[in-house]
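So that we are looking at the same thing, I have put the structure below in C-alpha cells.
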C-alpha cells in the first residue's frame, strides 16, 4: 500500500482544494436546509443566507409531532424489514436451486428472472393495481411488501447465484456423503457461506424499499400506513407554506440516513454499486 | 475483519427488526365500528373543527372510532379518492363536488341513497329543500350538501390599495389600469400559484364564461368543444391582455396554489383570484392581514354573458354504498349540522348551508360571499368539477399557455380542439 | 426421506417463482391485454384491437414526452456519467481522498422525494438558494424562475438528478480505475504523459466496460424516471417536463383511461427492454471480439 504514496505537489494541492470546493458547493443545499429549519418564515424570506439567530429544536419537535414522521418511519421500517427478510430467504433458496441442480426447465426459469432484471416497473403496475384492488389489499402493507419482494428478487437471485457458483463443489459433496438432507445443506451450509452476498443484497434491497415512491403513492392512501416518501409528500402539501416546519421535517428525515451512511459507508457503497453493476 | 463484523451487525440488526415487526405487518386495522371520513384538506382552522366533531361523536357513541383523512386537495381530487374507495379501508363518508364527479361516483356504485334519511330520518329538516336539486340523481338524493363554494372572486389587499390611492376594480379596463399602477410601483398585481393548473384555470374560465355567455360556456364544456370559435378567441384575447400588462406573478407556473396565496398573505402581491376558502386559510396563515374581495370585474362591451355572474359549486358529503356503518354515517352528517357545530364551522370561516346558519352570526366577508352566490343572476360551474376532468385540464392548460405567453389565443384554441377531437 | 432429486430444485424455486409470477409476470401479461381494450377500470371492458396503439402513434403529447425524456437522458449522461468519470479521475490520481468519495455519494442514500422537495426550495423563486447565491455573486442577470420557465425546467431537474447520481457513478469508475494495473500508468508517466492525457488515453480506455455499464444504467434508469418530475413540476410548465411515466400515471389514475395508459406502458417497456437487449448484444460481441 505504500508504493503509490506521492509527495505533496502544487498541482495535487490544487486538485484537493478544487475537490474541497466541489464538496462544499455540493453539500450546501443540505446545510442550507438545516439552517433554515431554525429560522422563522419571515427570516427565510428576508435573509436567505443569514445564520439562524438561535438553535432551537422547537420546530423539529413540532414537525415530528404534527407531521407523524415517527409513524411514517415505523411504516417504512416494517415494510422494508419484512420485504428484505423475505427477499433474502426466497432469493437464496432460488439461487441454491439454480446453482446446485441441473434440471429440465432450469434455463427457462433462469430466463424469467433475467427478464425481471430488464422489466421496468411501468410494464406491470397498471394491472397490478387492478389486481390488488380486486383482492382487496390496496391500502394494506401487503400492497407494498408483495411488489417490493417481487421487484427485488431477480437481482438478488442473480447475485446470490454468482456467490454460490463460486463455492467449491467439494463442500457440498462432503455434506451429501455425510447424509445431510437438501434442506439441511441449504440451511446449515449454503446460508452461512452466503453471508457476504446476503449483506450486499440486504443493503441495496433495503435502500430500494425505503425510498420507493411510485407504488407507495398509488397503493397507500391511508395516512397511518404511509411510508416516508409519500408521508413527506402529504406533509409538504399540508404545510406547504410553513417553510421552517418543512425544512425541519426534511432535516429529521435526512440526518439519520446520513449518519447511518457515514458509519457504514464502505458496506453501503459496496452493496449499492455491486447491486447495480453485476 | 472489521468489515465482516459490521456486515454481520447489519444483518443481525435487520433480522431483529424484521422479527420485531413481523407481527404488526398486516396494515388492515381492526374493523370494529370505525367510521372513516375522507376529504381534501380544509386548512388548519377547519381541521380543528372536524376533529372536535369527531371527538363529540366518539363520546356519544361508545365503541366507535372516528377516523378522518385530510388529503392534499389535488391528490384527493385525482388519484386519492378513487384509490381510497377501492381499498379495504374505504371511507364511509367522503367529500364530493356536485355535478359530473358526483354522478361518476354513483355510476361506480359508491353512492348510498340518502332519500329516506333526508325525508324522515336524522337528516330531516336540516336543509332547505331546493338545495337537494343538485344532489339528486334519478330521483334519489346521493349527497348531503354542506357548503356552497364560490370558487373565484378577486381578493385584494386593502392597505396596499389605499397606500397607492387605488380602488378595487369593477371592470376589466379598471383591472388593467390597477395592474399597470402596481407594476409601476414594483408590486406584483395578481398572485396565482398555477402549478396544478386549476388555480388560474378556474379564474380564467370564469372570465371566459362572461365573454362567451353562460349558455355557450355550458354547451362547449359539456360537449368537449369546439373551442376554436370567434367567441372563445375573444375571451382568450382578454387573457392575452392580462399577459401584456404583466398582471400575474412570473413564478405562477412554478408554485402551488397555496404558495400563490402566500405571496398575497405576505403582502408581495396586491390581488389574488381564488375561492371562498381563502378566508378560512387566513385565520392561521395571515391573521393580521386586512383583505377583502370583489366579484370578478365586468368584462368589456361586446361580451355575451351576465356580468354579475358568479362561479361556484355546491359541495357536500356522500355516504359510501359499501359502508357497513351507513347508519352511523348518517348520524355523523346530522351531528355536523347541529346548531353548535354549524357555529364552530362559521367561527372557522366555513359557512355551512344548514338552516341554523341564520343564527350562527355569520358576518363580514363570509356573509357577503354567501349573498354573492345566492344573489347572483347566473351561476357557472367550475370546469373541473362540473364537467369532464380530462377536458377541464386541457382547457386549463390552454389558458395557462396564453397567460404565460406561450401561445396566441388562436393557436391555443386550435391545439385544444385538436387534443379533444380524438 | 430425501426428496426426489427432480423435485427438490422446484421446491427451492417455488416461493420465488410464485411471488415473481403473481406480482410481476401476470400483471405484465394483463397490462398487454388491457392495451387492446377501452376500459375505465370499473365498468365493462371493450375490445378495440390496435386502436390504442394507433392513437399512441399519433399522440403528439406522447411523442413530446419521449422527446423530453431523451433530452433528460442526454443531460444526465453528461451530469451523472461524465461528471462522475471526471471526479473519479481526480480522486484516483492519488491515494486517500476518502472523505471526498464519502461526501459525494451521500445523496444516493436519500429518498428521491426528499431530494425533490429540497431542490424545489433551492429553485424557489422567492427565497431559493440558487437565485440568492446568484445575486450574492453579482450574477443576478442569470436568475430564473427555474421550475416555471419551460426553457430551463427540464435542465433544472436534470441537474438535481446529477447531484444525486454523479457520486454513484464516481464510485463505479473509482472501483474500475483501481483495477487498472499501476505499471501501465507508471510507464505512461515515464514517457512524459501529463495527468490529463494519462486519464484520457490510458485510464478511460482501460475501463470501457464499466463506462458501458454506466451508460446502460443511466439510459434505462432515465426512461423510468418519475419521482423528481412528479414532485417538482408534475409535467409543467406548459408540459415541458412531461415524461412518459407522468403522462401514463395521469392517463390511468386521473383520467381513468386504463386501456390507453396500458398501451403507453407497453410502448415504454418495449423501448427499455430493447435498450437493455441491444446493450447485452453489444457486450456479447465485444467479449467475442476480445477472445479472438
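Worth a mention:
Note that the chains take the letters A, B and C in the order they are written out, and that residue 1 is the start of every chain.
The criterion applied here is as follows: a residue touches a chain if its C-beta (ideal position, glycine included) is under 8 Å from a C-beta of that chain, and two chains touch if they have at least 3 such contacts.
It should be emphasised that the depicted structure is a prediction, and the values quoted were computed from it without experimental measurement.
Look at the CA centroids: the one farthest from the centroid of chain C belongs to B. Taking B-C and A-C together, the pair of chains sharing more C-beta contacts is A-C.
Chain centres here are Cα means. That of chain B falls 36 Å from that of chain C.
Note: centroid distance chain A to chain C, computed from Cα atoms, is 16 Å. Among the residues of chain C, those touching two or more other chains are numbered 41, 126, 249, 253.
Among the residues of chain A, those in touch with two or more other chains are 45, 217-218, 233. Residue positions of chain B touching 2 or more other chains: 79, 83. Residue ranges on chain C touching chain B, taken from their complex, read 41-43, 55, 61, 123-126, 145-150, 233-234, 236-239, 249-250, 253-257. Contact residues on chain B toward chain A in their complex (touch as defined above): 3-4, 6-8, 10-11, 14-15, 17-18, 20-22, 24-29, 41, 69-75, 79-80, 83-84, 86-89, 256, 258-259, 261-262, 265-266, 285.
Chain A meets chain B in the complex at residues 45, 75, 77-78, 81-82, 84-85, 129, 133, 136-142, 145, 195-196, 198-199, 202-203, 206, 217-219, 221-225, 233-234, 237-238, 240-241, 264, 266-267. Interface residues of chain B, counted against chain C in their complex, comprise 78-79, 82-83, 107-109, 195-197, 250-255, 263, 268, 389-390, 393, 397, 400-401, 404, 406, 419, 422. If you check the complex, the residues on chain C that touch chain A are 2-3, 5-6, 8-10, 12-13, 15-17, 19-31, 33-34, 41, 87, 90-91, 93-95, 97, 99-106, 108-114, 117-119, 121-122, 126-129, 132, 136, 163, 168, 171-172, 175, 182, 195, 210, 213, 217, 220, 223-224, 226-227, 230-231, 244-245, 248-249, 252-253, 258, 261-262, 265-266, 268-269, 272-273, 276-277.
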